[in-house]
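So that you can tell them apart, the chains are marked A, B, C and D in the order they are listed, and the count of residues begins at 1 in each.
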């Protein structure tokens, strides 16, 4: 917006959510014409930081300087007026709108009567897309686009007008290698146009291709800020995880013999193609995949939440072709969702009720729920997992994310379970709770429970899994045994 | 103590108490047995249906066809008993009919996936029309079976029969919502349908049951109303659905599902009915029977929203 | 081929075909139906519900709902007729009537948007309050139009060149204007965006509260225009006017494919929904079918149309 | 003999043919609330006379929707009926229709209440009907040796017609005994709301010996509330209004019922008279502005003269001739304008 723009600086930013200190004294400077990479595990505070930049959250403390002048970002409008444009990780588009409309969502080209100049809108859009080398029908509804095309629309929207700072949150997570190359060209172009870029990614190789400097966050704290020349993959990983990848748990390599579940050629209409694998008793089977690889879809298909179009599942010698969540729960399968707020907790219920929901028959006598027994058992689990709460009668919404997650895990553990599917069990969970949850998973497997563990946290994946299956594009791309898996190999398999 | 005041029921109870004190100052007749019986009797049909509506709203659904069904039931029960001379057959056909209507409402919601606001609105139109296709004329009591008259008009130890019927049904629903897993399921389904499905609960089955229960309760209320009017009257119970829904919402059940208590519903109905009664006792223009509940509804839900925001 | 399929998949096209079938059926079934006079009559008759449906659809698209419009119809007619009777000015009456409508829209919108009460609850309460206020003020006696002006009579009853009802002209102008606004102005697109995904709209810097508030006002003001047409047609401010009107509007708009969750649907669709129900009602009347059958037919059509639409949507 | 009968038949046929040619062919009637029993019987009367005269009668039901009634009037004019008959949802609301019909050249006959711009009207006299019932109740009270009537009036205070009924009833009653109106209620004319408001009123004060209902639903609702309150029926007198349908006949013929008087308005007779009026208007015969239809206080002793009541079959058949012979006012004693 301003050709003389020099830099955007965040100073000593602090942001607290109930129970979690999301950002603690974080500073960051984005310089015009340069790419500042921001790294960190899930939950390190990157998303919170960009939401503050976008005006979606308000900071608790700290200052934001635009060209050395202090500015307020109280709402999205303030942010947009400064030329801060964000490409969100979750697709933030209006599905019923066309590509062109979505790109111009902020400000439609209008005349003085507020009438949209469609010709100009679509022409400009076409030109923009052509310029940055992507080929999309600008009049197509976004709902009809693939995920990667939608991501391109997001990127195009952020850069098409008046940007001074472009924030990209995992922009390549669902792009093809070809598209990623083009995106990097776009970024080079932005640099030339004196625009500052904050680039968030998990993919270390990307950073060395495009970034000028890199900042690492961990658990809401600023860990390091280095020039790209002064760093290496090793150092960055160390900064992110805080230590070299190491064994946190006592989980020796061993072989399993009793197959508990066979997944035979499962496909779904939307995503999954021909997936087969076995799950052994007492095994932790890790799944890795980048966004859009189909992990969550697989979990939901196995669990009977989404219909499968093909294939079957054998559990305990029983072959299932048509099944739903009830079938799976009856067969001793449990599922903990990645979307705790949307699909996990029941906000109108207390801890006890949330915990006992799938297992009420255990507490039943003559159609009556024995609330004392229910309280007793839920208190046992509250104690066992050190859930921080005054009582089991507290509304679940009043707990922190980590404690909520412990309750959701307990939801399944109070019943007789054979298999548990965990989808990002440590996402949005503070570090203390995280370690406890991981230890718990390990203990459960030792007791003979089979665990399907889907996580993007490489460290957890490597230290806990007996086998690791890597997914890409709705298919299984590679399978590793515990002793042969390395970070690099897994990454490589996931970007095929 | 502060927890006690945070409860919606407490606030409703205080409102009710204020009303009762105010009215008793104004008119000493208010506390006569007769007047209390009159309030309770006219509350009981609303309450019986509201028990079902509480379940439905808790599970995130609504049934607008209850009023139309209620007047249809009065016609059916009177007609069948007139023809057959058998109370059993009369009640039986009512419950079969109500079961079918509830089933259709539920299937339209769960199979056709039509928003229940629209589906039951359409059912309301269908019932309002077809009751006249069933019979243009009101059906009068020609069977003269005393037991039938007793249902709506009788007393047991000075307590009106409809109140007794309501009191028999009440504990079933208190039990159902608070002490059985089904109550939990309805709350879970309304509060977070994804989560409840992922917990192995068949959302659609319980929604279907909710619609059927509500319709069956309308059947009971319809039999009482028919006895009270001594007539099967098409077009009776006008606006009944709105009163039931308003009372349940006033009682703290959320329109978005998830939270609802029978106690709240009962208090909601009593408040509305005491206001109605007070307006007649005080000889205030009866038009206020429309205005006052409207204001109270908005205020009650507003306070509820405020309180929920405070709780995060 | 692909293009044709895509075209047919559009909700409005399916509705248009249903409309044509209904229309052709009645043309053959009744000798009176397909006459210029009848078609012009129907077009005048449906304009009242059409205008209110446009406002209602705009609000639904923005993700909110107003079920108080039936009571509003009766309520705002009172200032209209009273001002006309006192000042002998139709224009003044209309202005005051529209102002009252706008005020009610502001109140509904304020309670919903700024106090955060669900619009369904707010307007359910408003439904009771306005109807009660009408009963109280009028003592349940209609207030007659004593001015008896030709101008006011012609608004709802007159026909341009003796053929096309003025009411229909007003409705068509409003419909075309709002179709244009919804499709071609940034304001209209913002309404869609807000109803489609409020969070995205917020991040795009929209003033969601203000825009939603304006949608409430649009809904109430358009309903007030319906109220003026109705008052002209019944020559009075009538306490029974608009009873169950909100249900008719909801049915027509939803039949027209406007989603109750917001962001989805078009005014063309809503208008077709109104058209279909109006033609069925008129046609059955021309065939001497009792009105109770009309209710049953309407109920079944709504369930089937919405159910069909949902199934189609789920398939995609 | 054969020739005579042939001749007679020819005369009858000819005269019929003649009369048919002078009559309207099609008449449209818009009823305000067609599902109500009273109006079903009005329609029965209209149809009976229309059949006799060979007129095609079409009926539409506005179902209390004033907007719909306006549309239906337009629809009838589009269909080109010879006479338009209507019972207005309310009188103020039909003024524009009358104006339109005049422009269209369609003659209009109203039922019920006068409206601005109308030509002719057929209706009962509400005040007189109430008066006749009050008179009958007064006589009963006197015969029982009572000197005071304490009345619960289950009324509809917001309709002038029903207010006139209540007024007539009370004024007639006052001619016999000391008449006190203890409760003045709004039962909406519906049995269920009447039960509700009467219950509340009786709870406040049940020292009542007369219940008057402005229609049958109101009277029965009042009586049902009395019964549901468990009050003794021995000294009570209930009077209803309308002879709408079977309700009063069912109740009145019960053993020991307090429902003793019905202000009968003979809806079938109303319809019958109305059809004659429509034919007269069409034929250009001079018609009165208000054609009064007969009313009478019916009791268990005299109803059989006018109604043949089949209790088992739930049917009633009116005796049009006897109803027509009831002496009828040429003008009502009081109109809405007198209130």
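In the analysis below, contacts are C-beta pairs under 8 Å (C-beta built on N, C-alpha and C of every residue); 3 or more make two chains touch, one makes a residue touch a chain.
It should be emphasised that the depicted structure is a prediction, and the values quoted were computed from it without experimental measurement.
> Which neighbours do chain C and chain D have in common?
Common contact partners of chain C and chain D, which must touch each of the two, are B.
> Which of the chain pairs holds the record for C-beta pairs in contact?
Result of the pairwise contact count: B-C comes out on top.
> Farthest chain from chain D, comparing Cα centres?
Max centre-to-centre separation from chain D belongs to A.
> Compute the distance, rounded to whole Å, between the mean C-alpha positions of chain A and chain D.
Those two chain centres are 75 Å apart.
> Using mean CA coordinates as chain centres, what's the gap between chain A and chain C in Å?
44
> Averaging over Cα atoms per chain, report the distance between chain B and chain D in Å.
35
> Going through chain C residue by residue, note those that touch at least 2 other chains and give them in order.
140, 290-292
> Where in chain D do residues touch two or more other chains at once?
Within chain D, residues 35 contact more than one other chain.
> Which pairs of chains touch one another in this structure?
A-B, A-C, B-C, B-D, C-D
> If we count contacts the way the header does, which residues on chain B are in touch with chain A in the complex?
Touching chain A from chain B are residues 175, 179-181, 184, 187-188, 190-192, 194-202, 258-259, 311-312.
> Would you tell me which residues of chain C are touching chain D in their complex?
Touching chain D: residues 32, 35, 37-38, 41, 44-45, 48, 139-145, 153, 156-157, 230, 232-236, 238, 240-244, 282, 285-286, 288, 290-292 of chain C.
> Of all residues in chain A, which touch chain C in the complex?
Its residues touching chain C are 54-56, 75-77, 79-81, 86, 88, 92-97, 101, 105-108, 110, 113-116, 118.
> Under the definition above, what is the set of chain A residues touching chain B in their complex?
Interface residues on chain A, with respect to chain B: 18, 303, 305, 324-326, 328-330, 335, 337, 342-349, 353, 356-358, 360-361, 364, 367-369, 371, 395, 397-398, 411.
> Under the definition above, what is the set of chain D residues touching chain B in their complex?
The touching residues are 35-37, 40, 185-186, 190-192, 195-197, 199-206, 217, 220-221, 224, 227-230, 245-247, 250, 254, 311-312, 314.
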